[in-house]
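To start, I am sharing the structure in question, which I have written as structure tokens.
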Amino acid sequence: MGFLASNHVLTADNLVGVRGERLLFEKLSFELTNGTVLYLQGANGTGKTTLLHTICGLSKPYKGSVSWDSENIDGLAEEYYRHVLYIGHLPGIKEDLTALENLQFSLALTGTQFNFSQATKVLETLGLAKGLNLPTRMLSQGQKRRVALARLWLQNLPLWVLDEPFTALDAGATNMLKQKIEAFANTGGIVVMTTHQEVMMNVPRFEQLRLDA
Amino acid sequence: MGFLASNHVLTADNLVGVRGERLLFEKLSFELTNGTVLYLQGANGTGKTTLLHTICGLSKPYKGSVSWDSENIDGLAEEYYRHVLYIGHLPGIKEDLTALENLQFSLALTGTQFNFSQATKVLETLGLAKGLNLPTRMLSQGQKRRVALARLWLQNLPLWVLDEPFTALDAGATNMLKQKIEAFANTGGIVVMTTHQEVMMNVPRFEQLRLDA
Amino acid sequence: MAETILVKELDIKQLGTFSVLYRILARDIKVALRRQSDVTAVFFFFIIAASSFPLGSGADPKLLSAMAPSVLWVTALLSCMLSLSRMYASDHADGTLEQIMMSNQPTVLIVLMKILAHWVLSGLPLVFVAPLIGIQFNLSSAELQILAVSLLMGTLALSLIGSIGAALTLGIRGTGVLIAILVLPLYIPVLVFGAGAVNAVSIGMSPNGALSLLGAVLAMAIVFAPLASAAALKIALE
Amino acid sequence: MAETILVKELDIKQLGTFSVLYRILARDIKVALRRQSDVTAVFFFFIIAASSFPLGSGADPKLLSAMAPSVLWVTALLSCMLSLSRMYASDHADGTLEQIMMSNQPTVLIVLMKILAHWVLSGLPLVFVAPLIGIQFNLSSAELQILAVSLLMGTLALSLIGSIGAALTLGIRGTGVLIAILVLPLYIPVLVFGAGAVNAVSIGMSPNGALSLLGAVLAMAIVFAPLASAAALKIALE
Amino acid sequence: MKNMEMKSGFNWLKYASPKTFYPLAGKIIPWCVVSAAVLILYGLYVGLFVAPTDFQQGEGYRIIFVHVPAAWFSMFLYLLMALYAGLGLVLNARLSYMMASAIAPTGAMFTLVALVTGSLWGKPMWGAWWVWDARLTSELILLFLYIGYFSLQAAIDDKNRADKASAVLALVGAINVPIIYFSVKWWNTLHQGASVSLMNAPAMAAVMLKGMLVMAIGFWLYSIAVILIRVRCEILERDSKAAMFRQD
């Protein structure tokens, strides 16, 4: 099934999320296997970003645990990160570098070799043909987001964690991204994402989780 | 007609917009009178933000001019700003201050007296009852945007310039904001705004302007 | 969700220029006090940096008191400078600066308030600690007095001149060091007259000449620095 | 728009640890060189700050050469410190730090690379200019030589130790000054041994004792600073 | 009314447009290059061979023929740069900004030459490469002002903003130059000036003066040539960028 050499499972076990002194979610458990898109919903401030950070191991859960292929991600550390692609609220690009240089660095961090012509092709597909050699500070809000998202086209990791990936994108780009996520899930990828836009995805398993009280 | 003491006109005359060395828009002219919502459309990087900055006098147009009640805004300076409420990509709030303190400062800048109980009421209406006394750094992305947008409920200025005001808002907040904009235009306000979401507004005059080439 | 509030239900009053300016000053000071570290930081930087000179140069008391005026003044200058990058940067990063430029008050006045806030938070405290450190360097009480007076006038001039550098480098990476380069040459007259006044006392001469020249520099800075800073801010936003 | 590219069409290769680390070093240096000002800035700050001491203290050549070791060393220390806030701050502000912590390489190694980049860009250049400035202060050639050697070892230690402060203050406003306070006390041994070596030569003694103590401090910093920084970064992100 | 006056009265504004300026500058440059070379060579000849040996300082004093004109130009060019920067801000003329940024490297170069020749001369004269004398110090700070100007310009990507921001800095620096000059002088009243007793022998002074003036005019023509060449390159670079963007 698909391009992934092996099957993977992301498991959340009785997660409790607390921010400040406020309980955000409680006894949250789920198991995501190849081909699943988990779509987190909830009003502003209900803990979506907090949950994504927990899944990435960037914050520790108040209680409970997150496991990857049945091993706690705390213990896996870098081993886990060989499998995860996270794109958060912030685009994670250096404004002084060009789009290509930024991608090169992002790929290196997850140990992926940078292929100049592939990256150029992806950026062109994403409508950045004109801006390839500009420092990214000269790009508009939506163009910066596109540079960050280009990683989705250039890396081969089985788990994507996306926090409001459609922010600042115009209709064309939104559509391309949606298709990309669908294609990824259809070849066996696992996706956890949030967005305030309405989405319906054509994927093997589409699960929704509302964090509202 | 409505709460505004007098009628106003915002005129753009043959605007040419250039960023870096790139031509974004050319010979752009329009005239907006009380009750008009101008909805700017265009793909990422087509110059929407640049045009809004020009209308606010934050960037000088490459050519052409913007006038308020038939006077060039360059000459009016602070006199013009007594009439404009601008909310851009960035929320313009200090993360160390609470929501109320932030509003107090924002209002002071446009010379509006801060009324504690009114502001509290508005923030509660906007669903921030729990966060009133937290420094805004402890708020989620969408909650921060709400604090910035609360100014729309607390000031009495005839021109609103809004750059992607729906960003990061959940469905409930999106709806409240839309109604607020409609109510404002129906009482004679003028609005210039951008967004990548689809909007249709129930206002006296709804004009659309596409910046795509 | 709840019902919409209409503006007509609101009771909206206009503020005068003075209240607006006061709010700006008050806010800057409030933000700084909220994270106390900011206020205390310049202060401690001054103390620690000034105290590290004796560490670097074995402890010969004569050398120390000869070094003292220049060491204390240069350190005060560096401490003021270090906190410059904070002056407008956070307002720029979070979008407040756009609001400031679109205020219904003249930008020059607003800038002047921000400069004053900077001085109250970073220059003024030095006027009080510097004499204490001066005692460690064996300065006489006449020298300590003139040190305080020259710092009182000098630090205000430093905040004014520094504001130009802070505004010019807005939104540029690695700002801290760039500001330093732009601003240090402009600071030289303040340093020469400020330290000069203390040195004059040390060799038994009158400090009045140096102090009145320092006053002249201060007066020029009050006139020109807010204008230049306002122009620079406008440029930074374009 | 255009067609979607599928991953299976791509030719994806894995990188070894060494290549990843090299990329990190290379990127930091590239970012800095892109805005040449950053590299030159520490450099010029050092020159300008060191030259302002004579301005604060009339031009007595004997006093100047007695002040020189401490002035040059303290200034080097301050210049390194000024550029610390740049070490992780921009990576934090734009989200790159999250990527770094989620890299498939151990954080400690990545941190070590970032420290090295900082040293190459801000410490190393000082080793070369300091002797030039020393000439202005009338130092002898033996003193100039030991000044360069002590700075070579000392600035690396400063970058290592400074990294801890930079990581601890991440995401906090007014960082510049706060880092200074955290880091200056930790810098004191480096200063004492570094300037001590030069002072020893000035009074005709051997600098070897001070230099070997400096070496010991450096060795400790190499072992512990990356560990402490990595831990601090993890805390800053939570 | 105002516009009418602008059109008829100020013909020179025509040359403020890069398009007309470019070919005009192209014509001036060769003349400047040739006459600068001739004058500098002649000045050096006068300085090195015609001027008699100084009985106090020996041959070393001949460095004055480079040192003094270089020091003059370091200061003059800073003021000129500030003037152009100010004009740029007032008229919003791109050409003015380009002139200002083209002057800076030459100004800094002369500052450096004055410093280096001065300290080369200082070693035999005062027994030290450097003393903290008023003139020397203010020249050093002038170099720092130039460096600040470069650094700011290099740090800003957006050409438009870089032009304006560095123009503000140049103006502020220009106010500061006289202040620095006098403050340092005042601070150093005890110290004796670096004057050399050349002027007691009037016959010798005439030759000296001639040499220095010839060198100064040569430096002036050299500056014009280099500055114009730099501005032309800048025009080309900005034009080609603009063209690149217009294509797609």
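We call the chains A, B, C, D and E, going by the order they appear; numbering starts again at 1 in every chain.
Rule of thumb we're sticking to: a residue touches a chain if its C-beta (ideal position, glycine included) is under 8 Å from a C-beta of that chain, and two chains touch if they have at least 3 such contacts.
No experiment lies behind these values; they were computed from the predicted model shown.
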Tally the contacting C-beta pairs at the A-E interface and at the A-D interface, and name the larger one.
A-D
Which chain's mean C-alpha position is the greatest distance from subunit A's?
E
Taking all residue numbers used at the subunit A/subunit B interface, answer same if over half belong to both copies and different if under half do.
same
Between subunit A and subunit D, tell me the centre distance in angstrom, where each centre is the average of that chain's C-alpha atoms.
34
State, to the nearest whole Å, the distance from the C-alpha centre of subunit B to the C-alpha centre of subunit E.
48
Rounded to the nearest Å, the gap separating the Cα centres of subunit A and subunit B is 31
Residue numbers in subunit C touching 2 or more other chains?
35, 90, 93, 172-174, 178, 181, 184-185, 188, 192, 238
For subunit A, residues that touch 2 or more chains besides their own
89, 95-96, 127, 135, 138, 172-173
Contacts with two or more other chains occur in subunit E at residues 144, 147, 151-152, 155, 158, 184, 187, 245
Per the touch rule, the subunit C residues reaching subunit E in their complex are 164, 168-169, 172-174, 178, 181-182, 184-186, 188-189, 192-193, 196, 209, 213, 217, 220, 224, 228, 231-232, 235-236, 238
Residues of subunit E touching subunit D in the complex:
128-133, 137, 140, 144, 147, 151-152, 154-155, 184, 187-188, 190-191
Residue ranges of subunit D touching subunit A (in the complex, touch as defined):
1-8, 10-15, 19-20, 23-24, 27, 30-31, 34-35, 90, 93-96, 98-106, 237-238
Can you tell me which positions in subunit A touch subunit D when the two form their complex?
3, 56-60, 78-79, 81-82, 84, 86, 88-97, 101, 104-106, 108-113, 115, 118, 121-122, 124-125, 127, 135, 153-156, 172-173, 175-176, 179-180, 183-184, 187
Residue ranges of subunit E touching subunit C (in the complex, touch as defined):
89, 141, 144-145, 147-148, 151-152, 155-156, 160-161, 164-165, 168-169, 171-173, 175-176, 179-180, 183-184, 186-187
